[in-house]
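Structures are listed in the sections that come next.
Note that subunit A is present in both complexes that follow, paired respectively with subunit B and with subunit C.
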Partner chain A sequence: MSRHAYELCHLLVDDTYGELTSRIFEVLLFHGRLSLPALQHQTHLSYRLVKHGLAVLIQQHLILWYTSSHDHQTLYEANTANAYSLVRSGKYIKVAAAQVGEFAGKVIANLLLLGHARVGDLVQAYKAGQSRSTHDRLAANGGTPSTPLSNSSRHEEGRIEEQNATVEPIYGMLCDLLRLELVSPVHISHFRSDADNRIEAEKVVPKPEVYKARNEREQNAQREAGIKRKLKEWRYYTHGEENEAEHLKKGKKRLHQDLETGRLEKRQRLYSPLSQDVIGTTEEVYQPMRGEAHYLDNDLILRVNHAKFAVLIRNDHLVDLADRTISTSTARVYAQVLHALEPQVQDCRVEPANSSETDAEADPSSSPQISTDELVRAIKDSSELANTLGKSDDGRLDMTQFDHPKKRRKKEVINEDQGTIDIEASFDEEEDLSGSDEEDNVSDVSSDPNEVNGDADFDPNPLTSLPHDPHRDTIRSHLLVLTIHPFSFLHHLPKTSILPERWMIDFPLLTKNVIHHTLLETITSRHGLPAARLTRILFDKGRTDEKVLCSTSLLAQKTMRSYLLPLHKAGMIGLQEVPRDNSRNPQRTNFLWFFDPERCRVKVLEETYKTMARYLKRAKMEGEKIKGTVEKASRSDVVGKEEEFLGPQELEALNAWREMDKRIWGEVSRLDDLVACLRDF
Partner chain B sequence: MDIASPAEEVPAKDEDVTMTEPSGVSSPKELRNALYARCASFEEGHVFNQDELFAFDIIPDNSLEQLLAYTRQLAKDGLFKLMTKDGKACWKVVKRADAIKYRSLSQEEALVFSYIEGAAREGIWSKILRSKTNLHMTTMNRAVKSLENKNMIKAVKIVKYPNRKTYMLAKLQPSENVTGGPFYTDGVLDEEFVHQMSLWTERYVIGRSWWHPPLPEHTRKSSSKMTQEQAEELRAAELRQRGHGRDRSKAMLPMHPGYRGHPTLSEVTRAINGSGLSGVTMKESEMGQLLDILCWDGRLEKIRHGKAYRAVKQVNGEDGVELENGLTESPCGRCPVFEFCEEGGPVNARSCEYFQEWLQF
Partner chain C sequence: MTARSRQARIKMGKKADLYRIGGVDLPWDPELDLDKPKPTPLYPAFQIPKPKPLTEEEKSQVAHFRQLRESIKNGPLYTVLGDNVRVGKPETSAAAAFNPFEGMPKYSQRYTKKKRMIPKLDTRPYVLNFFPKELWSTIDPTATETNGVISTDTTGKSLQIAGYEKDAAMSEDEVDVKEERDPDDEDLPEGEEVDDEFDDEEDGGDYNAEQYFDDGGDDAGDDYDAGGDEGGGGYFE
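Moving on, here comes the complex of A and B:
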């Protein structure tokens, strides 16, 4: 992360948790890992204050710490990822409210402010109606992002208290959140940096000598895999090895039953606490869905699972993209696919090691996938989807039937544009012609060369092979529309003799396409369409000489230069000099332009961070301008009765400031969408 | 004529390897003129070989020596042009008027002219011309200039090397390599032409790649009876919704995946040639270039493994819907001094004018 990202994190912490914490956080950001005495020296704060600040920061998961086992010194480090996540609080609450319910949104809001919390405490707080005091205490300390949520929760207070007459719904809701992985139990590794986690994992995992392997290299490889597994276990809180062992013991029959009954039992083990490393629990106590009663150990400590939220935000983004590029109805089907796949996707980033070991093409079972039948069941009503595709679904390409919607449109075109009249006469012949020769293309277009099993199912005439089911056919068509899109929203796995027809999302490829699309969109709106054209050419053709670029882009040299130079200046494209001889004479040098998407992505990301930091600064400054009024308005006796206590001028200034603040934070959230797309997806 | 002489000697010698040297040119002028007249009666550009000339029965006794003497003299006068085909000599008739013109040329001019003529439709670069003729710069320039003044040659612009001075015969049309194909006019890219062609192509593809559900107002529009005011209004409305955006709408729906009507390269080419939009017939390679440009503009996309084209539903850019993201719509994303913006620096968030403007909005 860069200076601007640090600046942004610092501002966010400052805005949310106040000055003391932000000061310590800033020092840690700019100096890296520090021990307590060093930290005290750098912050010029008293020992007591630093301790206090650190305690708060650890509680909020904003810093990482690690006590080395050989010198017993504790080192602290800023957790920039979580600090950045502060900006997403609002989105998290919204997502949780949409997925589980409004009440869950409030719990997430509280968890966000608290960092992590014991189940018992959470239940107590809501049961006894203590939410008011918790909220007020936090809101007093908090800045803007906490303000709206504390406000809203205050309005809802009465209802919450009513809801909480019994403890049952709270447990139920927490179980739901756990099941959806929106919250996860806290593990000690969550407080350590990646490198420290690796050191710890290396301690736990047996030495290479223990492994039975032919040579040292294999031993090392096995150990490496063991370490990776351990790290993953800690991270996602699973107990992989145990799972595998259990499955083996159970034998195939039980395994089969397990698959049929769904994932319930697996889930249970997923959250089984890991020995003594789990903070607050000692034995297996969490059983999310057993029977009717929801029960959670009161000592289990929960935190917000950022990784899962990123997945959900990505899903929203993808659906939105499908809506924009294809159609609303198709996007709705896509949303269902993504929703059905949610339990299988824990993290946006797929570890590259995995993909190299098991080739995605060879073993598609490794990626999340779903069968057509499951989807058809998930989508209850397809009546809305009827008439949303440009062809009635009676199979084969029927030109005479096709002509009707088309002809109507052709007439429209004529009316709008005089220039097209001439061609209309020749249309029908042409279509008939193309109709006949394109029938042959059908099979080779649909079959992916990588798919061995042929593809009887891309058969344009599904009626011959499948029983007539309009509901299913409609959904299938929409899914196929998604697969042919250049973004490759969806990957189609045709029916084989063993497995039914399935659908899969190749997330790495899809996100690569989405990021590329976003970058080009940015370039287009900043530098204009020809700039985007030039960038795309550079991407397609690789490093290109100016002359070639000029003739391929069909732009005059002067025009082209006027776009290339700003692009170069903005760091979107690069220029390479290749001297033709040793003299390095500029006249005897080839200048090659190139576009490096990764470089461009980092550059745009940096700019976004910087922009966000600028917005926050400006927001702070605007607040300072009318500091007195804002302070007065947030006094406990004034809140709610602003009209009584504030003069008309003050009121006006306050309202103007609130508008402005809303605007700024709205824009910051839009910028965060971009960051999410470029960084997290 | 001198220009022919260096070339003439070589094949001529091949021809008379077996012959003795002709004993002087003593043939009557009439015979020569008759031969010329006979040949000139054929269509222009016809190439005569030895046997054809004998077939005219003008040369007495079909003597090879005499024929050689006549043709040589005619070539000297510039009325015949000696050429070789498959190692044998053959001749072409030159018009009398042209011959007079050539005869009026100085030696250098004739030399320069012969090379320029040899380059035919490709043209010859002045530098190469100089090295081939082995003339001095000023001499050659003088020759070129006088030839230009006589309207015998012209300077052309080669698209690939617009800075090179290139010449070709005045009566010739430059080849496509030189002009750069239909997208260039006088060696300069015709941006308006490219723009219009791409507009048309794009609209053609849009119409074939999305389903536009019929709208009630559209059906009303298509009724043929329309008062002049209505028509003018319609036109004005269309002009308001500038350019590309007008045929794209949110109401466009995707085609069924089994739909095979997405246009291919050859279909688009056929359609544009049938449209009469351009006087030039477009080749598939040229249309491919245009379609590529549209893809690079993000207006079309290739589907079916690049075989067919489909329009992109929403397009970013001047003419389409503005698709902004957080960065590009904020003042910082377009700030010219963003790089310098720093806390405590001359440009900072506190005193930023652009922010002020944005917040007031």
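Moving on, here comes the complex of A and C:
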């Protein structure tokens, strides 16, 4: 991270949690890991203040700490990732509200407010709040009467029912959020940096000598795998953790039981109008669940899962992109695909399981997939999708495009054989094509004779049944459109003898394309369309001489230079000098232009951080300008009665400031979209 | 004599006396039209790119964000440090920090939002295991190394959650206002709240401008001591 990123993080912490915390955070950013005495020395604050500030920062997951077992010294370190996430809190709430419901948004907001919290305390707080306030929280969730629940006004029986009912939604909601991974259990490793986690994992995992292997190298490799597994366990807090967290054992087991068994029921429960419970019609059905699988262990500690939110934001971004580049209806199909794949994607960036699979031939079975049938079931109504794609285009979908180049050559031969294509019989044609595609595919992997035979037996049946299902065909054609798009939104896995036709998303490739697209968009908006064209040529051709570039881009040399130089000045493209002889005379030097997407990405990211930091400073400045009025408006006797207490000028200034603040933060959130795209996806 | 003036003189011929004073050639051209070659403007006209207005979705996002931020600011963790917190540096005296326009004690000051210098940690239960041991005593004074799993003494402590915290904050404020008049507030090592000028009553001080200030309230006649040495006694704007 860079200076501007640090500045941004510091400003965000300052804006959210105030001066004490931000001063400590700034020192940690500036000096790296520090112990408490060193921190006290650097901040020039009293020990008492520093300790209080540290407590707040740890509670909010803004700093990491680690107590070494050697000298028992605790070192603190700034957690820049989480500090940056402060800017996304609004998005998190919005996403949760859109995905699960209004109430989920409120729960997420509260978790963001609290940092992490025990389930028991959270439920208690909700209970207390319920009995204290007249909030119509439940109405948003399921239609429970939102009358004030003052204990005296209700008769005894109803009160007990009501008590149960008030606890119900929060438990259900937490279960739901856990299932969707929007919140995750907290583990002590979440407070340590990666390096410290590694040290701890090395302590836990047995020594290399324990492993049974032929030689030392294999032993080390096995241990390495063990450490990786352990780190992953800690990270996602999955099984095998029982020894570590004895006190959470019960809760985890219950939780997993809950996740596996009572999924459907829980959902029903959650969205069933709870007023019916009170009346007693469906009470019996739901009763057995109560107290068993449905309840979470009160000692489970939860926090907001930033990684999953990044996945959801990425999904939204991809759908938006599909909407812009293809069409709205296709984007809707794509949204369904992404939604269906959501449970399988935990993190935006997944490093390959082992290093040997890093090349492009990594087996596709490991990445998230979805079969056509599942998808067809997921999309209830395709009537709106039906006529959105031109029919003639359907038949001519070039299936060769998403084949291997070797196969493509074969396919061309086949297409020539088929000759003219009947436009009316588009669906049949497409099936034929895909059929031949499958045959092709199989003949390519002829090393497996079983598959060839199986496929030959298997193929005709689905073909005969399929064309009668327009619903399925519509969806399928939309999926194919997504597949042939240059961004490669989807990847098509043809039907094999064992597995049905499936679709998967090659996220690394897609991400690369999306980032590239975003960079080009940025360049277009800053330097104009010809500049973007030049960049694309450079990307396509690699390092290019000016003359070649001139002839390829069909621009006059003078015009071209007027675009290249600003690009170079802005750091988007680079210039390499290659002398032809030892004299290094400029006359005898080749100047090669090049475009490095990675370098450009870092550059744009850097500038975005800087802009965001300046926006925050501006927001602070604007607040400072009318400080007196803002302070007056926040007086306890004025809040809510601004019109009464404030003069017209003050009111006007206050409203103007509020509008300004909203606009500034809106812009910051737009910039954050860019950062998310370039950094997190 | 510069080349230009000589040239000008030659060009103008008889009107040469215009170009010299006392027989000495002027080093500049008096007929030069200074406005002719326009100097490049220092700030050339620049069309400021205007961002698109926020969409409804963005608006609601921002609203959520601001609401959350507001509730954090109203919560127990938001802090505002005064100027007097630096250790090893002489404190600015309250007199120096006094703002003569806004700083007068006013009745309405009792309604102003309290500014915390130090976060209020004892309002909620904590999971002590997630904190280093050296902070345990800060977070929960009753905690010892043996009961470290989960803070057991959670009586009377519950999480303050958004949507309800308004009530909580209000009640808390009321308590604070009452406490303001507590005399034992002065025992605190450092000001718990920055805004406790009402407690700053102390005898001494040779001249006191506020001797004549009478707010008619409880503090009537109380002197504001400009030289008060209370830690958090600084006026805060």
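Note that the second predicted complex is superposed on the first by the 506 of 681 C-alpha atoms of A that agree within 3 Å, B and C clash if a C-alpha of one lies under 4 Å from a C-alpha of the other, contacts with A are read in each partner's own complex, and residues count from 1 in each chain.
One rule holds for everything that comes next: contacts are C-beta pairs under 8 Å (C-beta built on N, C-alpha and C of every residue); 3 or more make two chains touch, one makes a residue touch a chain.
Bear in mind that the values here come from a model prediction, so they are computed numbers and not experimental data.
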Using the superposition on chain A described above, determine whether A:71 touches subunit B (first), subunit C (second), both, or neither. neither
Look at A:631 in the shared chain and tell me whether it touches subunit B only, subunit C only, both, or neither; answer first, second, both or neither. second
For A:105, decide between first (touching subunit B), second (touching subunit C), both and neither. second
Using the superposition on chain A described above, determine whether A:381 touches subunit B (first), subunit C (second), both, or neither. neither
Considering only touches as defined above, state whether A:663 meets subunit B (first), subunit C (second), both or neither. both
Shared contact residues on subunit A, subunit B side and subunit C side combined as an intersection? 663, 667, 669-670
The residues of subunit A that touch subunit B in their complex are 324-327, 330, 387-391, 393, 395-397, 402, 405-406, 408-413, 415-417, 419-420, 422-423, 426, 430-431, 434-435, 438-439, 441-442, 445, 458, 460-461, 477, 480-481, 483-484, 486, 518, 520-522, 524-526, 528-529, 532-533, 536-537, 540, 547, 551-556, 559, 604, 607-608, 610-611, 613-615, 617-618, 621-622, 660, 663-664, 667-674
Interfacial residue positions of subunit A with respect to subunit C in the complex: 15-21, 23, 36, 40, 44-46, 48-49, 51-56, 58-60, 65, 67, 74, 89-91, 93-94, 97, 105-106, 109-110, 112-114, 116-118, 121-122, 124-126, 128-129, 132-133, 135, 137, 186, 188, 191, 247, 299, 301, 627-628, 631, 634-638, 661-663, 665-667, 669-670
For subunit B, which residues are in contact with subunit A within the complex? 159-160, 180, 183, 188-189, 191, 194, 200, 203-204, 207, 210-214, 218-219, 221-222, 234, 238, 246-247, 252-261, 264, 267, 270-271, 274-277, 289-290, 292-293, 295-298, 301-305, 307, 312-314, 316-319, 322-330, 332-334, 338, 341, 343, 348-350, 352, 355, 359
If we count contacts the way the header does, which residues on subunit C are in touch with subunit A in the complex? 51, 54, 57-69, 71-73, 75, 77-81, 85-89, 102, 108, 111-113, 116-119, 121, 124-127, 129-135, 138-139, 149-150, 154, 158-164, 167, 170, 173, 189-190, 237
